[in-house]
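In what comes next, chain A is part of two complexes: it sits with chain B in the first one and with chain C in the second one.
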Partner chain A sequence: DASCLTWEGQQFQGKAAIVEKLSSLPFQKIQHSITAQDHQPTPDSCIISMVVGQLKADEDPIMGFHQMFLLKNINDAWVCTNDMFRLALHNFG
Partner chain B sequence: MRRFRGHWEDWRRRRERSDYFHERPGRSHSGSGSRTREDVVTRPLPEQAASGSQMAMSVDFKTYVDQACRAAEEFVNIYYETMDKRRRALTRLYLDKATLIWNGNVVTGLEALNNFFEMLPSSEFQVNMLDCQPVHEQATQAQTTVLVVTSGTVKFDGNKQHFFNQTFLLTAQSTPNNTVWKIASDCFRFQDWASS
Partner chain C sequence: MYSTLQKDRTNRTEEYNDSGSLPRGRNRNWSSFRGNFGKRNPRDHGGYEPWPSHHQEHDGNMVMRDVQKDPQVRWTPYTIRHKNRRVKWHNEDHIQRAAWRNRKPLEREVGDNTKDGTPGSWFKITIPYGRKYDKTWLMNSIQSHCSVPFTPVDFHYVKDWARFFVQDAGPASALRDVSYKISGKENQKISIIVDPSAEPYSVQNKLEPEEMEQLKLAMSKRYDVSQQALDLQTLRFDPDLVDHDVDIILNRRSCMAATLQIIETNFPKLLSLNLCNNKLYQLDGLSDIIQKAPTIKILNLSKNELNSAWEVGKMKGLKLEELWLEGNPLCDTFRDQSTYISAIKEYFPKLLRLDGRELPTPIVVDVDIPYLIKPCKESYKGSEMLKNLVLQFLQQYYFIYDSGDRRGLLGAYHDEACFSLSIPFNPEDPAPSSLCEYVKDNRNIKKLKDPYLRVQLLKHTKHDIVLSLCVLPRTQHDFSSFLVDMWYQTERVLCFSVNGVFKEVVGKSQSSVRAFTRTFIIVPVSNSSLCIVNDQLFLRDTTPNETQSPFFMPVPTPTSRSMPTVSQEQQEMVQSFSTQSGMNLEWSQKCLQDNEWNYTRAGQAFTTLKTGGKIPEEAFKQIP
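Up next is the complex of A and B:
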């Protein structure tokens, strides 16, 4: 319940808030294509994962995304304690 | 981008606020001069509340988050400036047993990191976005830890410019007077889409 999610810059803490955010995402269907993923153990026996890829929500154009997870082994199950998601929006002009 | 238009507007507003994340060559580094430039030190973080009401805990957590994120921003500025301008000092920001995955290549330990950064061509980084979260002590056996994700563009000498994403796991080494942050885990990737 101490897990954190940062979704496009918005911060959510705790299972309830996170589930509410993920359930309220405004699309009916979504497809992901993973371009690359990296995983490494951390000094304190967690796993840190980074995923880069593309997604398509409903009929919107394909967009790049980037997501990072921190996983912790609690009672033989892997739990996500931290999650950060960003779309790759690059129009800085 | 019908569905994500709301987020695009939010993003643009945030982007305007966070202009100071840009690293411009020649810009002086903002930090006090009394410490070695490569040490990232901050004021000690507040003690986590051991018990107490839900409200008190969330107020403490918010302060904790704010302080952790400020440390993260300062760290990121120093990291990329060091990477661009004082490359040889970069490994001072890593723990001895830190691991870096660079575009899928694993580099572990200070000696390997030193060799790696020496071999890497000179760089010009521009950070456009930064996210950070503190990691709850439940996950890290009471060691203060902050996760930072950055994205932006980089140009390595002799190569074309790339978009990049980088994730850091920063761990605090606290003394009574200050907190020194070091990288425990690092993951760096260019954003090269499968289709391009």
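Up next is the complex of A and C:
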């Protein structure tokens, strides 16, 4: 419940807020294709998991995305405590 | 000269050490005591009564009886001991023994002489397992809980227990009341045991005024005013002291206390202290210098008998910049140089030189640590403080990273940090990608199935990391392209990601532009420096619109987004686009830029994206 989602720069905290955001994403179907993933252990025994790939939502063009999960072992189950998602869309310059 | 004192140079032991050796008064000689033992008449000894402890006290150290005894009472030691064993507690007004958890019988005091606590009588205060608490915290907690202010004397450790002395029954009984009132970190109650005792060594064997004078003279000769440095190496054999029959053995509490007293009065702003070759094996006495001469920045403890880093850690109140420890047994206990250095740096984070060697300096960020405490609830940028902290960190990091010599980054990484690098694997394009320089380090788990290689490519210690970073092609990062996301922050850790582009500056892929996403997990390491514990880098080729952005010099900009200059005409386009689309100026400009300022195309792109819901809300937020 103390988990946090950062979606394209916006932060949502708590299960309810996160689920709300994820359900409110405006597409009907979505496909992901992971092109790279990497994982590292963190000093406090969590796992940080980084994924780069492409996604296609509904009929939109394929876009790159980048997502990061921080997984924590709580009661023998791995729970996602943080999630960060970014589209590889614009580059501000 | 001092014949009345019957000094025995070789046999005196005046240290509060673990072996529980017998403390002896100045006028006592071990052999004469032994001779009188059977007589059972303490008065012959002329005052002090060194007494072997027959039953187990907490640590085997002796308990000394009070000096003034009623001369009429002839006390028989063994009888008294026997009474003790029946657990008869002597309840007196002022002095009541603290209860032991395991109810071991305490030694009773003799007679009623100690009842009122004759002025000047001493008590020893013992804190079981006191070693596990930070000394300053412990003493401060006790002081604050104690109803009577007290001055601790001769604080030292006996194995795992802490002990000090106080004078007078008032403070002693107030301290007894503090027992079980303070809780340690794991909520265990800290007990305090109060017993009467003889004078602590530093008082008992206090140097005579003449000796003090000689010591002061000898020390003044060893003081270098220009450097504010005091050289006390091999002090015992200083010719002046030897000539005047002054025996300064620094392991003895009284000698150390005297030396420190002279430093406090005569050299209070001392910068450098050399205690080389003084056979020091414990630093309890020296640790008092932290209050007396806090200005010390250089300390030489080489060629002594210090056994562990913990011993050295007793000096951690000093803000040392230079430390010498070579020639101590503790140096051999470390498996390699860097564990040695880290262990010492734990106690002295600001240390610059150890044993004459410069230490790599960490990245120091000039922000107060307290501000790092920000829960996730804040906006994604966190506070301004955090943002500045992160940006400063990135500036420093990439400055070194782009500089051609990445070894400077050693200071940025934690010893046990992890780093790995990935490049995307595109199944449709099996041709070698232009990222060939990075392929050998590529740890794309999706592609890399070999578990051995998977482990190998996760660079673990900071040395391995910096080594592998040094091998990567030289880069120039475009700061203006950076997009920073802070997605997790607590008091202890900060996680953020940087998206951006960089250019390769040398080699066959010269001036090709790559896009990267790098994720850092950072922890604060005392005193405003930060340390990377995890570093993960994704590299990919840039998409066309990313390469378009003008490449600025990597001079840090205050914000991670900056608007490049636009012409008047373009500004007008932005304005109207903004009104039509509803997006704010920044985003409108970006959209137009991405579409090469082709208004219609931009409009189409916008509409497509908008119906796809791809445009984040902030695009529509009006920036004031």
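Throughout what follows, the second predicted complex is superposed on the first by the 89 of 93 C-alpha atoms of A that agree within 3 Å, B and C clash if a C-alpha of one lies under 4 Å from a C-alpha of the other, contacts with A are read in each partner's own complex, and residues count from 1 in each chain.
Just so it is clear, a residue touches a chain if its C-beta (ideal position, glycine included) is under 8 Å from a C-beta of that chain, and two chains touch if they have at least 3 such contacts.
Computed from a predicted structure; not experimentally measured.
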item	value
Combined model on chain A where chain B meets chain C, clash or fit	clash
First, second, both or neither for A:2, with chain B first and chain C second	both
First, second, both or neither for A:13, with chain B first and chain C second	both
First, second, both or neither for A:72, with chain B first and chain C second	first
Touched partner set for A:64, first chain B, second chain C, both or neither	both
Touching partner for A:38 - first (chain B), second (chain C), both, neither	both
Identified clashing stretch of chain C versus chain B [2-10, 164-172, 344-352 or 452-460]	452-460
Overlap of chain C and chain B interfaces on chain A (superposed complexes)	2, 4, 6, 8-11, 13, 26-27, 35-36, 38, 40-44, 48, 50, 52-53, 57-58, 60, 63-64, 66, 68, 70, 81-82, 84, 86-90, 92
For the chain A and chain B complex, residues of the former touching the latter	2-4, 6, 8-11, 13, 26-27, 33, 35-36, 38, 40-44, 46, 48, 50, 52-54, 57-61, 63-64, 66, 68, 70, 72, 74, 81-82, 84, 86-90, 92
Parts of chain C lying in touch with chain A, wherever the complex brings them together	376-380, 414, 416, 418-426, 443-447, 458, 478, 480-481, 483, 485, 487-488, 492-493, 495, 497, 499-501, 515, 517, 519, 521, 523, 533-534, 536, 538, 540, 542-543, 545-546, 548-550, 560-562, 564, 590, 594, 608, 612-614, 616-618
Residues of chain B touching chain A in the complex	1-4, 6-8, 10-11, 14-15, 61, 65, 95, 97-99, 101, 104, 106, 128-129, 131-136, 138-141, 143, 145, 147, 149, 151, 163, 165, 167, 169, 171, 184-185, 187, 189, 191-195
Chain C contact footprint on chain A (complex, rising order)	2, 4, 6-11, 13, 25-27, 34-44, 48, 50, 52-53, 57-58, 60, 63-64, 66, 68, 70, 81-84, 86-93
